[in-house]
Amino acid sequence: MTALCEIRQLAVTYRGETMSALKDIDLDILGGERLAIIGESGSGKSTFARALAGLLPDGAAVAGSLRWSAGQPRAGRDIGFVFQDPSASLNPVLTIGEQVAEGARRHLGLSRRQGEARALEMLERVHIPDPAKALHAFPHQLSGGQRQRVAIAAALAARPGLLIADEPTSALDMVVQVEIVALLDELVREGGMTLVFVTHDIALASGFADRVAIFRDGMLVETGATGKVLAKPQAAYTAALIASHRDLATPPLIHEAGR
Amino acid sequence: MRLLRKLLRTPEGAIGLGLLAVLALVALFAPVLAPGDPLRIAGRALTTPFTDPAFPLGTDRLGRDVLAGIVHGARTSLLVGLAAACAALAIGLCVGLAAGFAGGIVDEALMRVVDAFQIVPSFLLALAFVSVIGASVPVVVLAIALGAWADPARLTRAEVLSVRERDYVASARVIGMHPVEIAFREILPNVLPPVLALAAIIVAAAILTEAALSFLGLGDPNIVTWGSMIAEGRNVLRSSPFLSVFPGLALVVTVVGVYLLSEGLSKVLSSRGGAT
Amino acid sequence: MNRALRLLRRRAVGSIPVLLIVVVLTFLLLEAAAGDAVDAYLLSIGGGDAAIAQSLRASYGLDQSMPARLWLYLSSLARLDLGWSVAFDRPVRDLILERLPNTLLLMGSATALSFAIGSALGIVAGARPGSGRDRVLSTLSLVLYAIPGFWLGLVLSTVFAVQLRWLPTSGIETIASGRTGLSRAADIAAHLALPVATLTLVYMALFLRVMRAGMAEVWGLDFVLFARSKGLSRARIVLRHVARNALLPLVTMLGLQSAAMLGGSVVIESIFAIPGFGRLAQEAVSGRDTALLTGIIVTSAVLVILVNLAIDIVYAALDPRVGASERGA
């Protein structure tokens, strides 16, 4: 796989802040891969995602280079972005259909009728129940999980080659999380897209990512194939992250503290 | 205090406070700046401004000094503005607190009364009031206050409702604080900031309403006001427009000062009150 | 449609107790008048003795007790009878119906113009908050909003009507001109041009500020960032996403301002001698005509209620979340 994007010495400092949100990031994003960016709060993973997509706020200082193999990507056309909070991503006063179609209409030059057809097609692909009715519905009429599907449909409507998802499941219920991850996996595979998936949940990422990149305090700690990193973590922090993962099989906390 | 310093750091707060400070000083020292009764005949009628050093802004049809009128008129405007706003806020705060706290039927009934006062155009209410009781400064103040108290009442009630359910109020209740004590010590200090931001707007509206009432001849006839000066000047608008222009400019400057101060205030209050 | 009708009915029913409070309070207020319309009338005709005053009062029903008169008033109100104007010697209702259309024409045009221009300029300012354009427009609107309407009316009248003689100084149309149809409409338009311009300038400033403030707030919301991530054109983001949402508080403000605008018509009509509703209020005050004044206040309240109902419907049409029951998480 060739590098879709070569990131060298990337550093980002927000306006008015003295500490950098990101420092000295060297990473390659390979075409067609599923890369998981893993880190806790304040690790800079969201900043990285936004820097990649060109969505940093005004006044943010960016240093270093992002070299794209296919030339500077355009938002919507080449990169699709999915945010964490589906309720906030959608404009409350516009219909679902309009919001899914608008990206496609802008970049693919579709007419109104064609845009609506494309929106319908996308809603079907993300498995929205009763997509024809959903076209004319408004965001407040859908559940959280459904809104996130709509957001994914809207982000992918113009057929971008790269999808960046910034904690797309963190605001959703457990069962819905699994569905959304499965949906993303399916869409990315079907479309031959590259996926950059930002999360704090290492277990979630391990389920489907090809490679993982561990972030901590704005720096890249470790990167590599998922299986290798999980089995033999090079950095102490990665080991700690893996160890601190809890599921139903882990022994209870209170006992450990008391020992 | 710190609030003042923060306020002066914003451009709006600085300019607004500056303008109003100058105005307040002018109003305060009116008898010194323009001694004697401003309504007395001081000189030749219709002197053009900037020609006679004794009357820098000219004189009106009866020979009254325009500058004296402006300076003394500042007293009326500021006095009425502040007094009416204070009265409106006092009434509004009481009603809003009562409604927000009591809830139930009392709340419903009070809110209907608030609705009634919001629906009637405040200028018409002021007109009716002044016409019924007579035109004097206290009556004008009360008339304006009656038209203006509804908004602060509504705002106060909304704030009370939101603050009432917060944790620190619940803990006060658990400790056993008396409800009235809770109202004053816990709730009022948090309700005050947004209501204060509204205060400046009320002052500006009061000043303009007083001017309009005076213009229509419904203000206090025994004192000089900017509105009555504009009305006076209307008679000679073609030949001596300055008689109406100067008091009008004075009004604009005053109101701009109040608005700037209010913008500065809301900037400062919102930046610090945002985090809960 | 159903959602709107339900909302409408609920609001209309809720307005009735409020209207009742307005009527009762107004009546009580005007009770405090020391000397009623009969006194003012006698004063205007040069005096009269107590017997005449007594008989006049009896014929107008002004000699009964206050609760009795209140009840009498309420029952006639239910029949849409607003009483008798002593100063004009005509039914109050007729007077109001005669004068109201002029004011509605004046206020309607001014509101429409100021809303259109104000929101357009507000969008221009709010498209890039903090830019030079924004700062200029914000300062301009601040000064404009501070200008007293009556003073602006005087200034415009002096410049355009008196000095330049481009437009007529007063009235709503050229008296006894015998014009009809389009020519009459043009004549009325010329007469209303200055008062409408005055009101438009003052209210435009308010709408500009509200739209601009609304847009500045909406810019920070996530769905705008999402729209940017889709690579939409700036024009589309500004208009279809930001302005479309900022429109909501603006519409609310329109409703809140309707009462103030009606009150503002009094001075403007006085300056430009427009025979309208506001002018009638002033005449009622000088004629100490309590029946007329009460009728005017009650009518204003009804008008404001109606305008707010209309605004509620418009708002519901613009915001799909209103009145809907939430399904789903």
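So that you can tell them apart, the chains are marked A, B and C in the order they are listed, and the count of residues begins at 1 in each.
The working rule: contacts are C-beta pairs under 8 Å (C-beta built on N, C-alpha and C of every residue); 3 or more make two chains touch, one makes a residue touch a chain.
Just so it is clear, the model here is predicted, and its values are computed rather than measured.
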{"item": "Chain-level touch network, classified as line, ring, star, complete or other", "value": "line"}
{"item": "Chain pair with the greatest number of C-beta contact pairs", "value": "B-C"}
{"item": "Mean-CA-position distance for chain C and chain A (Å)", "value": "52"}
{"item": "Mean-CA-position distance for chain C and chain B (Å)", "value": "22"}
{"item": "Residue ranges of chain A touching chain C (in the complex, touch as defined)", "value": "53, 55, 74-77, 79-81, 83, 85, 88-94, 102-103, 106-107, 138, 140-146, 151, 154-155, 157-158, 173"}
{"item": "Residues on chain C engaged by chain B in the complex (per definition of touch)", "value": "17-19, 21-22, 25-26, 29-30, 32-33, 142-143, 145-151, 154-155, 157-158, 162-163, 259-260, 262-264, 266-267, 270, 281-282, 285, 288, 293, 296-297, 300-301, 304-305, 308"}
{"item": "Residues of chain B touching chain C in the complex", "value": "112-113, 115-116, 118-125, 127-133, 204, 208, 211-212, 215-216, 218, 230, 234, 237-238, 241, 244-245, 248, 251-252, 255-256, 259-260"}
{"item": "In the complex, chain C residues that touch chain A", "value": "221-223, 225-233, 236, 240-241, 244-245, 248, 318-321, 324, 326-329"}
